[in-house]
Amino acid sequence: MEITWQLLLMQFIFGLSIGSIYILVAGGLSIILGLLDVVNFAHGTFYMLGAYTLYVLISLSGNFWVGVVSAVIIVSLIGGLTERLLLKPLYPRGIFYPLFMTFGFSICIPDLIKIIFGLTGKGIGYPAGFMGAFLLGPIIIPKYRLFIIGLTFVTFLGLWLFLKKSNLGMIIRAATRDSLMVEVLGINISRIWTFGFMLGIGLAALAGAISAPMVSAIPDMGLDILIDSFVVVVIGGLGSLSGAVIGSLLVGQVVSFVSLFAPAFSHAAIFLVMGLVLILRPRGLLGEEGRF
Amino acid sequence: MKRLFVILGLLSTILLFGSTYAAEQAQLGMTIPLSGAYGAFAVDMKRGAEMAVEEVNAAGGLFGKPVKLYIRDSELKSDVALRRFKEMTEKYNLKVIIGSLSGGISLVVNEWACKNKLLYMSFCHTSIPWYKEFCGYGFGAGLVPFQSGQAMAKYSFKNLGKKWMFIGYDYRWGWDNLRGWLAESEKEGAEFKGAIYLPIGTPDFSAFIPQIMQKKPDVLAMAVAGKSLVSAIKQFAEVGLTKKVKIALCKGQIIDFKELGPLCDQNIYGASTFYWKLQDYYENARPFVTKFKDKYGRIPTADADSAYVGTRAVLEAMRQTGTATDVPKLISFLKGFAFQYNKEPEAFRACDQARTQSIFILRGKGQQAKGWDVADIVTQIPYWDTMQTCENNAKGFPYAQIKLPGK
Amino acid sequence: MNFLGAEDGQAHMGAGKEGKKGLVHPVVWVTLIVFLLLPLVISKPLATEILIYSVFALAFNLLLGHTGVLSFGHAAYFGLGSYTAGIMYRYFNAPVFVGLIAAMTVGALIAAGIGAVSIKKKGVYFAMISLAFAQMFYFLAFSPLSNWTGGECGLKSIPKLKLDYPFHVDLMSSWNLYYFTFLIAALAIVILWRIFDSPFGRVLQGIRENEERVTACGYNMVLIKFVSLIFSGAFSALAGSLLTVYLGYVPISTLFWMTSGMILLMTLLGGIHTFIGPVVGVGVFQILQSTISSYVERWEFFVGALFMALVLFFPEGIVGTIKTKYEGGRKTVHE
């Protein structure tokens, strides 16, 4: 195989689009992790719910964009309900029980989806105007991939502005550092937690919805993405949102280029990278020293 | 005391004979992945087997009783399949087992059946009849993956072009199809441009697109199936790849064809052992198709045909040998057993117990597809063009000698 | 005297009073007798699997219930133990016992490796990292190393196993297989009890109750957790190797994270704060699964729902809840 710069560029762009999905999912996971100290095993399940909700909404409304926005809102609400009803009672029991609960959720819900929607999953069409690709000589860039990259960028910009500039964002950042302190200052920490959870879930649902046209809505689609997100969060640094972003971009490129040079390793490679990071820089690339 | 013994001896002899005589109950144990990602295809196998059993039961059953078919879910996991078979054979004293959708699982089950001297009738694309896998207890009502690979390759090199590339699942089914392609490629002097192995069920093919585009093959051989295939074709279509290469599917499943819709156009080909439109060519395909459609609401797939044929043959063996448990007797009946059920005259070849059947090359219809009429049959490749001779199979020739690139 | 301070801890654990006589607690004897007679009541394959997963669950709970460390990647030890035994039998024609010992060794080494890079991490992060490592092994076995491991199909062509020493025993018969597994499992259970009941075991429980206090007493907490992980890994691998002997084959699912999840579920079901809880959990779950899945196609839905209900309402599991009711009002200590 000839290694041309065009090949590398195309591979890089695909890596960016893979990384973008990771940014959304791992970013959401990181927010929940940092804020609630809960490893959300159900994160992949909400990703999947985003895709299926989009499917349902497209069947009802016929419009992709309406579907995406509504899917994010609806799944976030489901996330909020889940946090209130299933997780909140478990916080006093210590760090493991909320984790167990999310794990049970991740086994139960995909099966529920299989019961309702069948086993093989549902296909979703690309939105009009985003089918096909841009051709720049020998370089082909699918329009939809660019859309994913762009949307992720805009979403994250919005998220960053929200966290840095708004009052609620400031409270969330503070609560991520020290929830007890925030509570002492008179703020209803329980509501902050619910909101933070919903935020993280919303990002996962968005990722699921926009992935759906490419990979179809499949009941078990959350599995792989969940584990990949764990790897990203560990690499990027536990507790750091910007770490999650850097980790995502890195992992996206690793997956892309390993697929090019050694496809058999395309799944295993990111774990090897994670192992390396754990040995050389245990707190992750941008992680906080000593917190974990 | 002596009298007591004599009476006891007489009693037990009578009981023994009596029980063996009454004990013959035709029963089959089957596991298929009803709950995995390929549940939809597994359901077809279940239906094919059930239909064969119901036909026999409607005609009075076997040995004066209805045939019993026990079905368990293997969850697409080999250890679960083994566990279910172990439980079933112990609980019901089964001697005949059937099933499996996954080639990999069927190989495991075959090995276990051999160790435990059970008759195993497999329905899927599997290498049970071949070389070191063959151990005398397993039958193949489906296809050996070398065949499908070689059949598809044969057609492709003759009609579609000689520069080819392969992308497929990284396990036995994928490798064996590739070997079929490589064998044919060497014979025809085709130009092999490389192979990409993927973990099963990969949903995102984008990372592989640039290299495929760079190599510019005429034909892209794909050993991928199910939702994964649908995603792949969609993603290829995104970049216009589907217009530039011909796609040759090692297993052309019409469920996938239908799912693809208009994307499944004349550039997409697939190898299959059964397609419902065969009823226009073969007399006995029609009743099979009609009955299946009436019973289950849609036309039968190739998997349904394999399951039906395999089950029916096993039941026929039981009927004609008069036993459901004498495995050596059943095996020697089935060896070389000739029949004509759903299409042409076929048989289970004596030397390797594989079904001699022809392979049909299907081509997509694109916009012209209507309902389940999603493909045209472009050619039929008879079994002698795809199956190796008995001696070759016993030696593993030529496939065992073919080194897979990158492995 | 008693460095734990809280009386609750020790009494609640039922770990034995001072000056306990006998090799093992009566509960262990009862368990062994039940296992001895089990194949008369349920099918031999089911009984053998319960034995195997009981050993796995006890090893897993050594880390979780007793040390308070959650590993979500225990499938790594189980699976690698399975594969090690399989590889020894298939490629090296090793005797059965050699395969088992090799498996335990590998389990211990891998545990040491993973522990070296991650045991210092706090609870949930260790869980995440352990999961990621386990998946790494899964993917390695799946693709790049498939020439050795058989990839997705698993490791086949393992020769028929038999024992030559001290007696000639054919392990193809399901009775022989069961009682062979029983012997090894019984040994493992007794050893694990001895660990649990030893001074080392008490320190483990101390770590679970109150890490800082244990450190303040001068114990090297990290080292102790590390050692606990190694024991846990070794015995999980032993369970895996027993699975290889039982199946005559190594499925790749042994490395898959669902295996880690299932063992967590079964252990939790039985009760993590007792010694024998996990065994009860395994037994109940396996029997349930065996009966329900014949009738219900979507049993994972029920399992998940059961798990969530368990976590919400019965966190102490079957044995734990019975114990608390029996002991009447004694406050259970939570994590």
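For clarity, chains are labelled A, B and C in written order, and residue numbers in each chain start from 1.
Just so it is clear, a contact is a pair of C-beta atoms (placed from the backbone, for glycine too) under 8 Å apart; a residue touches a chain by one contact, two chains touch by 3 or more.
For clarity, every value in this text was computed on a predicted model and none was experimentally measured.
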{"item": "Chain pair with the higher count of C-beta pairs in contact (A-C, A-B)", "value": "A-C"}
{"item": "Taking each chain's C-alpha mean as its centre, the one farthest from chain C", "value": "B"}
{"item": "Chain B-chain C separation of Cα centroids, rounded to whole Å", "value": "38"}
{"item": "Chain A-chain B separation of Cα centroids, rounded to whole Å", "value": "39"}
{"item": "Chain A and chain C: spacing of chain centres that average the CA atoms, whole Å", "value": "32"}
{"item": "Set of chain C residues in contact with two or more other chains", "value": "139, 142-143, 146, 298, 300"}
{"item": "Multi-chain contact residues (two or more partners), chain B", "value": "35, 170, 197, 199"}
{"item": "Set of chain A residues in contact with two or more other chains", "value": "114, 264, 267"}
{"item": "In the complex with chain C, residue positions of chain B that touch it", "value": "34-35, 72-73, 77-80, 82-83, 86-87, 90-91, 104-105, 107-108, 111-112, 115-116, 132, 169-172, 197, 199-200, 407"}
{"item": "Chain C residues touching chain B - in the complex, by the definition given at the top", "value": "43-46, 49, 139, 142-143, 146-147, 151-154, 156-157, 160, 172, 174, 243, 247-249, 251-254, 290, 293-294, 297-298, 300"}
{"item": "Contact footprint of chain A on chain C as seen in their complex", "value": "70, 117-118, 120-125, 127-129, 131-133, 135-136, 139-140, 142-144, 146, 257, 261, 264-265, 268, 298, 300-301, 303-308, 310-312, 315, 334-335"}
{"item": "For the chain A and chain C complex, residues of the former touching the latter", "value": "33, 37-39, 86, 89-90, 93-97, 99-101, 103-112, 114-115, 227, 230-231, 233-234, 238, 262, 264-265, 267-268, 271-272, 274-275, 278-279, 282, 292"}
{"item": "Touching residues (chain side chain A, partner chain B) in the complex", "value": "1-2, 4, 7, 10-11, 14-15, 17-18, 114, 118-121, 123, 126, 131-133, 140, 142, 144-145, 213-216, 218, 220-221, 224, 255-256, 259-260, 263-264, 266-267"}
